Amino acid sequence: MASSIGQNIKMTIFGQSHSPAIGVTIDGLPAGIEIDSEKLAGFMARRAPGKDRFSTMRKEADEVQFLSGLTDGKTNGAPLCAAIFNKDQHPKDYSAIWDTPRPGHADYAARVKYSSFNDPTGGGHFSGRLTAPLCIAGGILMQWLEAKGITIGAHIASVHGVEDEKFDRVNVTANQLNSLKQKAFTCIDDEKAEKMQAEILAAKGDCDSVGGTIECAVVGLPVGIGEPMFGGLESRIAEAVFGIPAVKGLEFGAGFEAANMYGSENNDEYYCDENGEIRTRTNNCGGILGGISNSMPLIFKVAFKPTPSIAKTQNTVSFENKTDTTLNIKGRHDPCIVQRAVPCVEAAAAVVIADLFISHLKD
Amino acid sequence: MASSIGQNIKMTIFGQSHSPAIGVTIDGLPAGIEIDSEKLAGFMARRAPGKDRFSTMRKEADEVQFLSGLTDGKTNGAPLCAAIFNKDQHPKDYSAIWDTPRPGHADYAARVKYSSFNDPTGGGHFSGRLTAPLCIAGGILMQWLEAKGITIGAHIASVHGVEDEKFDRVNVTANQLNSLKQKAFTCIDDEKAEKMQAEILAAKGDCDSVGGTIECAVVGLPVGIGEPMFGGLESRIAEAVFGIPAVKGLEFGAGFEAANMYGSENNDEYYCDENGEIRTRTNNCGGILGGISNSMPLIFKVAFKPTPSIAKTQNTVSFENKTDTTLNIKGRHDPCIVQRAVPCVEAAAAVVIADLFISHLKD
Amino acid sequence: MASSIGQNIKMTIFGQSHSPAIGVTIDGLPAGIEIDSEKLAGFMARRAPGKDRFSTMRKEADEVQFLSGLTDGKTNGAPLCAAIFNKDQHPKDYSAIWDTPRPGHADYAARVKYSSFNDPTGGGHFSGRLTAPLCIAGGILMQWLEAKGITIGAHIASVHGVEDEKFDRVNVTANQLNSLKQKAFTCIDDEKAEKMQAEILAAKGDCDSVGGTIECAVVGLPVGIGEPMFGGLESRIAEAVFGIPAVKGLEFGAGFEAANMYGSENNDEYYCDENGEIRTRTNNCGGILGGISNSMPLIFKVAFKPTPSIAKTQNTVSFENKTDTTLNIKGRHDPCIVQRAVPCVEAAAAVVIADLFISHLKD
Amino acid sequence: MASSIGQNIKMTIFGQSHSPAIGVTIDGLPAGIEIDSEKLAGFMARRAPGKDRFSTMRKEADEVQFLSGLTDGKTNGAPLCAAIFNKDQHPKDYSAIWDTPRPGHADYAARVKYSSFNDPTGGGHFSGRLTAPLCIAGGILMQWLEAKGITIGAHIASVHGVEDEKFDRVNVTANQLNSLKQKAFTCIDDEKAEKMQAEILAAKGDCDSVGGTIECAVVGLPVGIGEPMFGGLESRIAEAVFGIPAVKGLEFGAGFEAANMYGSENNDEYYCDENGEIRTRTNNCGGILGGISNSMPLIFKVAFKPTPSIAKTQNTVSFENKTDTTLNIKGRHDPCIVQRAVPCVEAAAAVVIADLFISHLKD
């Protein structure tokens, strides 16, 4: 189903930008996972809006309330339902978009699909706000995976063309991934972070927005995670990652660059390290061969388009009148969502890895 | 499941490179689809090996035998099973790889996952040969979609950096897509096709291989195809496309370029055309907003890594001895698989679009 | 997944007997369904406890709160989440069962399955209380189906051997089904209802409980609803109905009696009625042939075991000590749950019929 | 999907009564299962027609050909596809039914559902012949489960009211189940077997048919198999069992009898046996509480209607003319299918138990 993902751990996200609550139901979670609420709140805070001048001023505490699935703070085998109740609602800001679809948003397509029944306020179910429940699920599962020795972390790889240093695909470590999570603006190179922020502020000043890319790594994966064909790590991660609004591209390892390489360059040759472990000297495959983890770090990169909501006047149409018109989007919007999307990408990866990890336990 | 895909039309691919047969079972196919066998054979032939000097010499007629699901050449509502029986088997060529995993292949990961029970011959279930059943399903569904006014077509966008002309994302037509299918080497620009072929032959001469990219378009899609979140067109197409061996990247519309753009550049502004239809002047979103089709052509690009099987000596390990060694891959291999992958990409798109189109019928 | 059901309309039930809330997420609900809240509350009230002396005294208002999926009282295409917040919690009543599993309950199996992490209070996720969210989903879908001309209704067919009149399998009507819903104790024959109630009170007086059966009918179904094999009406209804706690048997039409009949007796012969409609003179098949609706009323009967929670002293074991012991169950329990289960059976049918009806729309 | 079942092990059945082949694709089968072909052939033979005068004379060798998924006779992790090629086809016998639907068959419903595209010959995809692929899957999985200590076996519990002895629900053993499999006519009590056969022959002599019931047991199940709600053993077994043509009823343990019992009678009290194992003294729950196995034998009973194909003249209609007419069914048909359905019920149970057993491995 559309808003569900997973085979062993099935997650269903519910809510609209301005519904009474948004949340997630997770069925199939192993019993006995102890949830560190403070750590989860910290994870959610990385996504939360309103925390700096690069983000929307809409302030949502994003306080997670567990409705079911926990006993004494541990999962009990029953479906876990967690909700965030919406407090700071300004649906009136969005009334104009009902007839004049915003360029770059789902408004027009959703209006046709659901006809007049669609909820257009704030993007409804298509709102980026729905990544908060994704982060609840991802945050919980990252804690579980961490306990199993698997660490997921990401950084802003670029904003509007300003590029951060890349992960060392062969040697990236859990420590590096975890220390990145402490940063307010998640770049490896702090100077690049400054430049990116300058780009964002410049765009904001121009009533415009910018896009960027996020690079994500998973370390500590056992060999053999993932299934053949459509159950492979690439397919499954893609399914989750493209569920994040604004994602328009995804590549694993060398990705699109591999298309320009010779086989002899791109192939990652095996060797035995000092511990007798089989590894590869390069990692152009991003840790995945045949859809299955191969002992090397799993690496992928995600492209985010610029925030479609911009303050500039834009051309659009009147849906009812079938005439051209213009639109001025009001309300509070992020001039760039890439910095807030970092935990969302981690969460998407966590949801998939945890699901496949359970299949692996039974292999 | 790993080798299955689809909600309304569920396709399961079976077979290994050298199993008695490979094939596909398709459950949920609407009754009454008339299959033009000749057209299907023509579609399969575009993927078939051994037809020119750019491809492997392994000659497989890829003759499709229908085991069930048809009455008088039309689908009858029962699951359709179609098989290709393997005739030209040379499993002896692959015996060495059992202990010495081939770089860039699934051998090592599969060996760990399935332990000694894995079928390593020719890549087993991970073989590119398994794209033939995908093409059976895709070829049938493209015929059905064509009858519904939806046309899918692709071309080689690049080989080893030599780039073909791109699709006009706004104006690409069904006619253009269909005429491309007549070409032996599927490029828009025939001069670029020559250069690409030269690259491939050069790599072959060096006992090496090259990768490339494929651009695919879907025209004639009604507005409203696709579901929110993980059921969106991007997620679903990604799930299918990354199931094709050697795919390492995927982008929709402007894709990774969008990450470098301003919102005001990237947003596709709406206007009403002379027929009162709502359209956009640009198509950076690749015809998809919020996961849903928006009336414009659906456009995506896929990155293929170079064929991992190369004749050059490569470093690898002995799986059993945990020691370094070298490997010379024998057998017949494509110096580039991109030209043969064009119908596979079309087929992957067809499988997803047909599945989502059925959901659309009930909206 | 365990707590999910459905292909087109996927419903996930969450909650435990004493979790902060119980509820349901429904993904895939058609947009534009207007929910009559009062009618839904009336439906929920039929299941609610504490309304008479035949039921537990636990009083739950079962007030439904919609967290998402509605705009102006109509479904908007986004997943609908509805919750009932638990107010009247007495988890202390259940503390003893942690070590001494109650006969006839899931306690022991769940304790082994989820080890010490299981929530045993009130049966946790296995509680009959979780049928309330099923009724939310079913109540909404029955409203939708009613608008499509499909009516679902059930009655108590027996309690502890006292049998109600049966449905006329050929001629049962929507009016009859709807008028049954007005009764406080849902029998066709009010005298039999009196006798059943006497049986229940007698069992209650003996610190015991009784079981019974429920017969359900669906009228107005178009021909062709249901899919072959495991997607047939019987398989799908069974999947839903056996998800209701305490259900131990299910039969369609003549059911187990058919096993004692000749083919010439059991076969339902076709004829054309005065309107030229094809119908059958008997309905031993319960309106289903090959898993598919055949124009006649769909009829099935469900067996409920007696409530396992009884006030009588019972033999059990100490889980930890592995010794025999006895148990006195305290708390408030139904001496019979059959009368409250009538809307649950209707809801289970509604969930399945609605799901299959959507598939039918696209046939 | 309709013809698919399973979460971890997904089985898809394909074929029609007279298609070139019928078969099954099984995705998710653990690697390393060694298939004893002779034992599988023996299992298939128990279902095969034409072996005695109680069954149809249609002789199908039911020779299983493996198309994929095996290496050296062991599963290799890739989807297993097995087919039976149809040799003895007499589709001409069935031509009349195209316009005059057979009472008790899916003809009419399927004709409406798939309109003129339906394959009516021999029931098409609705044919009992499609239980042969189910038996392939079940036969393989029973071998695997046997190696894990889990044994499945069934017997004819009744034919046309003549009842066999019942399983001792508490003490039934693997040995008893396996020895039953050696019998030509699978009853516990051979005298009752004689009487049943007399009933079948009498019905045959009258150009009629009879139904019956099958009781199935699973022993050796670990505690904790099955999931809550719709993932419970009852729901899952029901989904599979009702996929077998002619099944109209299903009950677990005491089943419908439990509806007539007091709670104090029906509850199975726990005790610790001499080995300190927790068991129950009765087994009215059929080894399942809350959908989960509880250490006792799993017991269920299935009702089969009489074979709908009878030689007697029957009333029916002309589909096209919408007029009443009569029908004489020709061809070869079983006067009773219960004796052949015994392995089918075992297979249905095996498919479900194996699937849930894999989930259990990861709990």
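First chain written, first letter: the chains are A, B, C and D, and each begins at residue 1.
Note that in this section a residue touches a chain if its C-beta (ideal position, glycine included) is under 8 Å from a C-beta of that chain, and two chains touch if they have at least 3 such contacts.
Since we're looking at a predicted model, the values are computed, not measured.
A.B. asks: Which chains lie in contact with each of chain A and chain C?
C.D. replies: Neighbours common to chain A and chain C are B, D.
A.B. asks: In terms of CA centroid distance, which chain is the most far removed from chain A?
C.D. replies: D
A.B. asks: What whole-Å value do you get for the distance between chain A and chain D if each is reduced to the mean of its CA atoms?
C.D. replies: Computed value for the inter-centroid distance: 46 Å.
A.B. asks: Hey, how far is the Cα centre of chain A from the one of chain B, in Å?
C.D. replies: Chain A and chain B have C-alpha centres separated by 26 Å.
A.B. asks: What are the residues of chain A that contact at least two other chains?
C.D. replies: Expected reply: 1-4, 7, 13, 31, 77-78, 110, 113-114, 125, 228, 363.
A.B. asks: Would you tell me which residues of chain D are touching chain A in their complex?
C.D. replies: So the residues of chain D touching chain A come out as 7-8, 30-31, 77-78, 228, 358-359, 361-363.
A.B. asks: Along chain C, where are the residues that touch chain A in the complex?
C.D. replies: Checking each residue of chain C against chain A gives 1-4, 10, 12-16, 19-23, 25, 27-28, 31-32, 65-71, 74-81, 83, 110, 113-119, 124-125.
A.B. asks: Report the residues of chain D in contact with chain C in the complex, numbered from low to high.
C.D. replies: For this pair, the touching residues of chain D are 1-5, 7, 13, 101, 103-110, 112-114, 123, 125-126, 130, 158, 160-161, 203, 206, 208-213, 223-224, 226-232, 234-236, 238-240, 242-243, 245, 247-256, 258-272, 276, 278, 280, 284-286, 289-294, 303-310, 312, 314-317, 319, 322-324, 363.
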